[in-house]
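The next part holds the structures, each set out as structure tokens.
First chain A sits with chain B, and in the next complex the same chain sits with chain C.
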Partner chain A sequence: MTGALDLFINNPAVILTVGALMCLAIPRHLASPILLIATAISAVKLYTLGLGNYGAVSLFGETLTTVRLDPLSRIFAVVFHIAAALNIIYAWGQRDRAQNFATLAYPAAALGGVLAGDMITLFFWWEMAAITSVFLVWAPGTRVTYLSGMRYLSIQILSGVLLLGGIVLTFRETGTLDFNFIGLRDDNGAIKFSALVMFLAFGIKSAFPLLHNWVQDAYPKSTITGAIILSIFTTKLAVYSLARAFPGTIELVYIGAVMTIFPIFFALIENDLRKVLTYSINNQVGFMVVAIGFGAINGAAGYAFGNIIFEGLLFMALGAAMYRTGTSKATELGGLYKTMPLTMGLCIVGALSISAFPGTLGFVTKGLIIDAAGEAHMFWIWLTLLFASAGVLEHAGIKIPYFTFFAHDSGKRPKEAPIGMMIAMGASAAMCLGLGFFPEPLYALMPDQAAIAGYHPYSAYHIVEQLQLLLWAVLAFAVLILLKWYPAEVPSTNLDTDWFWRIPGRELLGWVTGASRATWIALWGIFSGRVQALMERIYAVHGPEGQMARSWPIGFMALWTAILLGLVLFLSFLA
Partner chain B sequence: MSIVAQLPVLPIVMPIMAAPITLLLPRGRAPHLWACLFTWLTFAACIALFREVAATGPISYALGDWAPPIGIEYRIDLANALVLLLVSGIASVVFPFAYRSVQLEVDQRQTPLFYGALLICMTGLLGVTITGDAFNVFVFLEISSLSTYALIAMGARRDRRALTAAFNYLVMGTIGATFFVIGIGLLYQSTGTLNMADLAQQLIGQDNRMVQAGFAFILVGMGLKLAMFPMHLWLPNAYTYAPSAVTAFLAATATKVAVYVIIRFFFSVFNFDFAFIGAAFTYVLLPLGLAGMFVASFVAVFQEDVKRMLAYSSVAQIGYMLLGLSFATVEGLTASLVHIFNHALMKAALFMAVACVVLRSGSHSIHAFAGLSKRMPVTTWAFIISGLSLIGVPLTVGFISKWYLLNAAFAAGHWYAGFLIVASSLIALAYIGRVAEVMLLKEPADDGKFVLPKEEAPLSMLVPMWILVAANIYFGVRTDLTGDIATRAAEALMMMAGGAP
Partner chain C sequence: MSSDHHNHHDEGWADKKAFRNAFLGVLIIASIAAAIAGFIPAFQKEHPHFAVEGWGVFFAVWGFAAFMFIVLAGQHLRKLVGRKEGYYEERE
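Right after this comes the complex of A and B.
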């Protein structure tokens, strides 16, 4: 009995799942308090557990560790709790049962994955995360979101399939189910097939380039609160898994570098600000992936922590504007600062933080990654990351607040955001600034204490480097605005790429983005067209009226039997 | 003559003697209680037998003291002890469950007949499993089949289509049994014996046309009984229109026993020296298993009738068993045996949940499941947990099956099969997920087409159902019970067949 008790009571993810299930049964208006209480209980449980392994289960003679709390899983578990609580407060009073359920069940699944000490448990929560999150994509209840949700689900499940395949292969090779360092290459430097399959599974969930489309496809179609929750967990669970299994894999540096750069182009020309933020997710995860590639686990975990807070804050602020105005299009927003000054202020804190201004959470965590790149003496990667940082400032740091709250006056005069949203945003902003100035508590959570011990974010070098970058970008922005060269709300405007790409010129930039976008759309079109055609074909054959599902007459059944008998006779005689 | 020495014959003698007495009992509760009592006694005998076999090795029992190979021999090793345990275990859970469901779905006057037929059906299945005599297999097969036709036809009170379903099954089942007996006849012609162990001895070196034809007839005949794709066409209708309790029992036992017979003939009567065994693995069981997994799963996704959906799902699951078998390795055989056991647990629980819904809402259409989680939460969760097991979620038996299968596929070098196994279980996710979504999130329609359930199913149904749901979890965690027994059974069978260990 203690075994079962250990399995269920000592697992924060199970506590959250129970909380989520409860809100399917209780009256709707009680859902938010119940969800928050479950999160609180789970957080207390996490705190009292302390580092160690719990919830051992025996399977196939192997011991599974359903809860492993070590420094790496702890920092993710902590920030997942914070994010879950903030989301519940943000969505306070939400009545939709499916969404309320997913608001906690989905973080619970991600948390379970992070806490999993073995690969079977990881697989279980990996698939649960896919299944629970799709309710958020489906939440608006339209046909478009339904189809989008199906696409999202198939890709997530595909990742799970690859994961399971990778698990079995790895198990056959190593004989253990423990989830630890795997490494892409064996001792001779050859790529291991088993590891490659797992790598790909993680890659899909962390939205590697070419595998990233599901993010932009599904996330912006969700509800206001749904998009915020979705933006946080799936990719961070994948980042955690990569950090656990593939730290120091040099391929990740290049993959991550591409991830930081390519979404910027798409973000620039995007009019829907929520979609801009989804590109920003790709870009931000790219930084973490680079850090993992360098083996800078502190950088990856720390930046994941920070990103969850400030990216969430941006999503929340944009969500508040959307809640009041009903749109997230840059062309339809603008001038909201007059009536939503508080939201505007909080949004700017998030924007400063994601741009890594000194004194914010972004600064104290991103420095870890840029430093790691510098120390690795990979000049081009380092430069790419700087470029990308400037790109972040443009598309997330300036574009989001500018087009939402300033720019041309849309004439909309909405009320300030509701109190629940205000509290959630305020708490996020407070964390951005508080941990920005006093990062010690965050650093104390870092997985690699030896590496963090000598790190001082506010050294002169860091501040000067960062401020130079930011000041140039801001200056250019200011000049362009003054000269009225910064065209408002024209989707393809971009300040700092303009600035950086002065020599190749705006045309080339436009051409590159246009061409790659067209290629993507074409490829996606072919792909989704094929899928659609395939589904129709399957339905035609297997649907209720299809040949495969009909009630055939006896003669037909007997005929099949005869055919098979002939076949087997033929085979037996031949063999 | 101690009772212990007669233990091997008890699982057959007790129910077959009890069955006719059932007919003499007054209508109402009595036949049901009588039948339940004897399934429990049978189950107890099977447990004792299983323990005996697990401890001391195979048991041989000469019926009527006529020494084999002339007399009929009951021969129990680990493989059929496991199946015996399964059949009698499922029966001892389904029989008590059946009462309320049968009250609603079967004509009141027929209840003594119903329970009598159900007992005979169980006896037949046990007999097929326990016997070591090839002709005896046919006899028991007919005993179970004939009672099955009658049982399916009793669903006609609710839906007249049960009659055509039963008739179709009768024709197809008879073809299957005839093929099987033709096959036995051909083997008898060339060896002059019907005892399986003796057959195996006499067949050595006899790779001639007659034996080959005998093999083909046996494979196709049994393939029909176990609903091997594409000979599965009788199954969906039979399962859909039979009374719910009958479906739960048959889905968990009948096809499994037929798979067992295939295993028995492949490994204990024939052996790997016959080239056609290898050919049948590679060119019949492997492709048809894979095809069944996908085609039947896809059909299940689009079904509007939950019972029918689960029936197609059964065809797909049989594909897994055949696939595991076709690898012709210890791992593959283990996976098949484990899945025989595990699939019985999940499918019985799922069909029992459907029976509960039918009892309260009067329909097994998916629309009758709308919003069920509010009105019948206990049933809903039983369905969902067993459904998760069917999909293969860790901590359930379904996952154990998938794991053994995947392991076997990779060990045999069939990489693609490994990925196809996982891919097809995703389709299971689609069809189970569809029902789960309807139960949890849909509001029931107010068009009056379906009766809204007013209360949860009675305890007499919930308790047996949850015993099976709990078994789904228990055997999902305690894998040593099924996994080890199946591995030992598979190793023994492999030794007999002379294949690579």
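Right after this comes the complex of A and C.
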């Protein structure tokens, strides 16, 4: 009993889950305070636990470690708590029970995943994250969001199935369920099939190239608060999993580099600014994946921490504009700075931070990744990351604030964001600048303390090279605007990889379903015809008019009895 | 969703020509200063990983060129993948 109690009270993820479940039972107006209190209790528990393993459970002779708090899981757990608290404050007063539940149950699942010390516990929370998050996609309650949620759920469950398969295969090979370094290749350099399956599972949730489009399909269709929450947890849980299991996997460098590049171009032509930010998620996770490929775990974890704060801030600022105007489309926004100056200012802080201007959280974390490429002497990757940095400036640093608050005047004059939103955005902006100027508390959380000890972000050359890159990129933007070469925003739908499963895939599914149905009807027709014929024959023999239903004469029965007795006598004689 | 729509587009501080010129002026001066700083030995990397890091203005040139390329080349992607709004909704 004590063991079971320990299992629950020592797991911050369980505390958050209990808080989320309470929202389903208590009056709606108490939901936000309860969610915040649960987050605070969970954070205190995380702090008091200290590094170590907790919540050991025996299952089929194997010991599962439901909570492992080490430097890598700690930094993710800390930022997940910060993000959960900010989201609750941002959505303060939200009455929708399903959304309130998911607001904490989903971060709880992601937190449970990063704290999992074994693969079974990871799988459990992995699936919980998929199931709880889909409520946020469905929250608007339209047919479009229903279909999007179903697609999202299918892909997330596919990732879970692959993870389970990978776990089984890995367990068969290694004999352990512990979730530690796996590595993609064996000692001979050959790719391990078991590892490849897990790699793919993590790749789907990290939104690897060609597997990325579930993010754009689902996240922008959610509610204002739902999109913010969704933007944070799933991909970062996947980044954590890759950092745990596949650090130093060189393939990740190339995959990550592609991830940093292609979303830039889709973001450029996208009119829905929330969708622009989802492409930004792909791009940002790409930087983290590159870092993992180099084995630069500080870069991956630090940038994940930073990204959750500044990308969250951009989502929040855009969400505030959407809350007041009812749209997130660039063609319908613009000129909001006149009546939403505070939101605009906070948005610009997020934009500066994601662009990694000196003095921001982005600057003190992104440098770790660019430096890793330099130290690995991979010139083209290094150049690609610099190119992608200019791209980040374009779509997240300039496009989001410019088209929301400036650009052409939409004529809309909305009020400032509500107080809850302002507090959450203000706190995020304070962290962007505070940790940007004084990164020591963040660096103290870094998983590899030996590596971070010698890192000084504010070296003269680092500041100069970053300022050159960014200022000249802004100058390019100014030139393009002055020459009127910057493309106007156009209301449109831009096809991406989701086209394959939404159009031909859907038609193929329809054809397969139709063919299956026709085949089934044909087979059933043949089967039922045969059964019908058999039944008719049985009826003909055994029915009221059948031969077997006739009453037999006594003499006929006596004859048969004599034959049978004679047969028995003959057999006895033979025996 | 409270939003007040005004038909007249009153001029804000960011719309004023003086502000735009001042912003552009500061940007140009800061950009040139950053480029010049790249030639000052105290602002250069002691042990550069790549030769280009020693060129002084490499990051300025790369930042400008990358941004230009992304916008000027990237906008043509719209011709390939752009469809009218509601493309999927009409088919689902």
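Heads up, the rule we're going with is that the second predicted complex is superposed on the first by the 481 of 575 C-alpha atoms of A that agree within 3 Å, B and C clash if a C-alpha of one lies under 4 Å from a C-alpha of the other, contacts with A are read in each partner's own complex, and residues count from 1 in each chain.
Operating definition for what follows: contacts are C-beta pairs under 8 Å (C-beta built on N, C-alpha and C of every residue); 3 or more make two chains touch, one makes a residue touch a chain.
Note that the structure is predicted; figures quoted are calculated from it, not measured.
Q: If we overlay the two complexes on their shared chain A, which of chain B and chain C does A:Phe123 touch? Say first, second, both or neither.
A: Only chain B is touched by A:Phe123; chain C is not.
Q: According to the contact criterion defined above, which of chain B and chain C contacts more residues of chain A?
A: C
Q: Does chain B (first) or chain C (second) touch A:Ala190, or do both, or does neither?
A: neither
Q: By the touch definition at the top of the document, which applies to A:Leu386: first (chain B), second (chain C), both, or neither?
A: second
Q: After the superposition on A, what does A:Leu469 contact: first (chain B), second (chain C), both or neither?
A: Touch partner of A:Leu469: chain C, not chain B.
Q: Identify the partner contact of A:Ala450: answer first if only chain B is touched, second if only chain C is, both if each is, neither if none is.
A: neither
Q: Just chain B (first), just chain C (second), both, or neither: which does A:Glu394 touch?
A: second
Q: Looking at chain A, which of its residues have contacts with both chain B and chain C?
A: Touching chain B in the first complex and chain C in the second, no residue of chain A appears in both lists.
Q: Of all residues in chain C, which touch chain A in the complex?
A: Chain C residues touching chain A: 1-7, 9-10, 12, 14-15, 24, 27-28, 30-31, 34-35, 37-38, 42-45, 49-50, 53, 57-68, 70-75, 77-78, 81-89, 91-92.
Q: If we count contacts the way the header does, which residues on chain A are in touch with chain C in the complex?
A: Of all residues in chain A, those touching chain C are 144, 147, 264-266, 268-269, 323-326, 335, 337-339, 374-375, 377, 379, 382-383, 386-387, 389-391, 393-394, 406, 409, 411-415, 460-461, 464-480, 485-487, 490-496, 502-503, 506.
Q: Which positions of chain B touch chain A when the two form their complex?
A: 168, 171-172, 175-176, 179, 209, 212-213, 215-217, 219-220, 223-224, 230-231, 233-234, 236-237, 275-276, 278-280, 283-284, 295-296, 298-299, 301-304, 312, 373, 377, 393-395, 399-400, 403, 406-407, 410-411, 418-419, 422-423, 426, 429, 433, 440-441, 477, 479-480, 483
Q: Show which residues of chain A lie in contact with chain B when the two form their complex.
A: That would be residues 24-25, 57-61, 97-98, 120-121, 123-124, 127, 131, 157, 161, 164-165, 168-169, 172, 538-539, 541-544, 546, 548-549, 551-552, 554, 556-558, 560-561, 564-565, 567-569, 571-575 of chain A.
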